[in-house]
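What follows is a structure written as structure tokens; I'll ask about it next.
The chains carry the letters A, B and C, assigned in the order they are written, with residues numbered from 1 in each.
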Amino acid sequence: MSTITAFKCNACGHVMYPHHYRCLNCNGREFKKIKPTTKGRLLTFTIVDQLPWGIDERGRVLGVVEFDNGVKALGVIKTANPRIGMRLRAGWKPVRIIGGDKVYGLTFHKTK
Amino acid sequence: MRPVVVAGVGMIPFERRDEDSLVDMLAMASWNAIEDANLGDRSVDAVYVGNMASGLFNHQESVASALVDRLSLMPAAAERIENGPASGGSAVKNGFLGVASGYYDIVLVVGGEKMREVIGPKATDVVACMTHPEAEYIYGVTLPALAGMFARLYMDKYNITQEHLAMVAIKNQENGLLNPYAHIQMKITMEGILTHPQAHINSPIVADPLRLYDCCPVSDGAAAVLLTTEEIAQKLKKPLVKIAGVGQATDTHTLQERSDPTDLKAVRIASQQAFKMAGLKPKDIHVAELHDAFTILEIAESEHAGFFPMGKGAKALADGETRIGGKLPINPSGGLKARGHPVGATGVAQIVELVWQLRGEAGERQVKDASNGFSVNFGGFGNNVLAFVLRREA
Amino acid sequence: MDMDIEIYLRPPEMETPPYPPKVITLATGKPMVVRQVDRDAVPILLNAVKPTLDIERDYYDIVGARVYAELLGWYRYRVRDEFCLIGQIDGLLVGIVNTRSYSPTVDVSLHTLAIERGLRIGAHLFAAKMEYSIEYLGRDEVLITAESPIGFRRWMIEYGLEKRDGQHELGGATPYALTRALYFRNKDRLVAGERPVPPELMEVAEREIIVASEDDILEKILGAKRRVTQ
């Protein structure tokens, strides 16, 4: 499944997403590209009723998930009744249309 | 570095201003500041314009050059400074450096934004352009959404309630009624916006847990300050209100990469820098203008700037300490919530208000015997923050 | 008036139950009484509508012109099955909404004119007329259109209205429908009001429909022209 590309510092192991030229922890310059694990924990979320132009989904839930391997990322939360700390499973689906094209991004679902 | 005096201040009422172009508004505010300074025939050396998105909102670029022409200030140097909602603060900082360094003697700093040229959801999208394009923007993140995610964690951590947030809105809208320049001139009540069983219809969710009355309005407007040396200010016979401290700090672009998402590190560092430079402490401040784009931020910034211990800002608010007449009045102007938030104008408008307060010219919202003032201008979602300490010396 | 001729000129009327008045607590904490008015109120309402005819901002001019015609037409028995609700704060008229019943199953929403701004009065009154159509008149759906972007946001987007084919009677614009299902799905979030209205509030509202002066109406809609000497 497609997903985001995160970065693990070769020197200190700090995990970063999105990309930075230097490690946020030790200023190291070399990284290994890593993928997030399939599951993670919901850190925070919000229910957005006032959406920006170009998005029609009133009540879209956005949240930040910390994956089991330390990658943290924002995505669309697709489970009803989100709770901080709940375990979620990542998906990769169209999240927005920009310039007529579907743009794919992280979605988070109930773990089975 | 030379001391820098704010010798002139001026602004125009913030509201929906369909008839005025962006450059019109910048010019009106600038002229008010120039006249306030009694500048007469003296020439302005440089003009800094704080503005976030003249291109996206108004299809116009290089507005600083356009303004110099409109005000007939040629051959003054001119630049537009952009730092999201802290564009005004950054413009003030750059103007300050111009005079403090000795390079310029008289600098005009004006902040302005004409946001209502585009319809609401488009304005939301323009502001959202500040977010990370790959990690945030594509998901439809808005600034209220970031504030909502932050608010959820901050409220949980420090036991802040919806009532506390509503108190910020009620206090600031009451202050706005005393400010003829404020966008929102309306008293609201706890019952009307929160406690009535149907209050959620008056104040619907914007980005949960933040509701309509937790968010500042979308405004048009401009504010300006005239910065100069002590010597020139004395010749102009203006009170010596000085920019005694300036601080600025950045943090990670995305909310998720903050080491602690409830820690507004950039606010803390910028505030500490400003206090250190001014040789003052938070307890020396008599009046503060904080960046309450969302009600939660007034409480959070009051703690991170050092006015109250972490987690105690809500209690101070509930005890009335931050009202006009309280121990530390915060946002006597009405803040962003009531004065309004034309994004580029706000940082400069905060300085204008502080100068009025420190000069004793704040009319019905005057804080008694105020001689030290403080402001925070919050760029992005806390990833680029400016803080200022102002002090009146004569 | 020659009633023998009027019979031919007046459209037939449906029998309908009245709208029970309600009171809404606004963000200012003040109560707004929402009640149905009869034809005899029209001359007073027209005084409030007239100043809007010159206000281009937010399409007040076209809304005002059309509402004026609809109310006057209803007054003179030349519009079929129209109803009108108003909002009052301490007797002061703050908004007017009207709708026409096309059939026992379909109402056609006409206009929403808010005179006081910044308090969601238009939104509250629009919700009230939808409440009347769906819950009290028992219609299956209400056809709606918007002349201004504010209307489009408040109704089409906030309610998630369904686009329909055909033409709305307001200029042939694209009609959008509020179905019973959509109404009840959104009711808790958008329809406010408590009944019955406390007698003292009702007495003030019914005693007189106070219309603000033309200058005041212009100021309420356009914002005060503030002159600051600070």
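Keep in mind that, in the parts below, contacts are C-beta pairs under 8 Å (C-beta built on N, C-alpha and C of every residue); 3 or more make two chains touch, one makes a residue touch a chain.
Small disclaimer: the values here were computed from a predicted structure and weren't measured.
Engineer: Would you mind checking which chain's C-alpha centre is most distant from the centre of chain B?
Structural biologist: That would be chain C.
Engineer: Of every pair of chains, which is linked by the largest number of C-beta contacts?
Structural biologist: Maximum number of inter-chain contact pairs occurs for A-B.
Engineer: Please tell me the distance, in whole Å, between the geometric centres of chain A and chain C computed from their C-alpha atoms.
Structural biologist: About 45 Å separates the centre of chain A from that of chain C.
Engineer: In whole angstrom, how far does the Cα centroid of chain A sit from the Cα centroid of chain B?
Structural biologist: Distance between chain centres: 31 Å.
Engineer: So, what's the distance in Å between the C-alpha centres of chain C and chain B?
Structural biologist: Centres of chain B and chain C (C-alpha means) sit 39 Å apart.
Engineer: Among the residues of chain B, which ones contact at least 2 other chains?
Structural biologist: Residues 119-121, 204 of chain B each touch two or more of the other chains.
Engineer: Pull out every residue in chain A that's touching 2 or more other chains.
Structural biologist: Where chain A is concerned, no single residue meets two or more other chains.
Engineer: Quick check: in the complex, which residue numbers of chain C touch chain B?
Structural biologist: Against chain B, chain C makes touches at 24-30, 57, 118-120, 124, 149, 153, 189-194, 223-224, 226, 228, 230.
Engineer: Which residues of chain A touch chain B in their complex?
Structural biologist: Those residues of chain A that touch chain B are 4, 16-18, 24, 43-55, 57, 60, 62-64, 72-76, 84, 95-96, 98, 103, 105-106.
Engineer: For chain B, which residues count as touching chain C in their complex?
Structural biologist: 13, 15-16, 18, 119-121, 180-181, 184-189, 191-193, 196, 198-204, 213, 356, 361, 363
Engineer: What residues on chain B touch chain A, complex-wise?
Structural biologist: Contact set of chain B toward chain A: 119-122, 124-125, 128, 132, 134-136, 138-142, 144-145, 148-150, 152-153, 156, 204-210, 252-257, 261.
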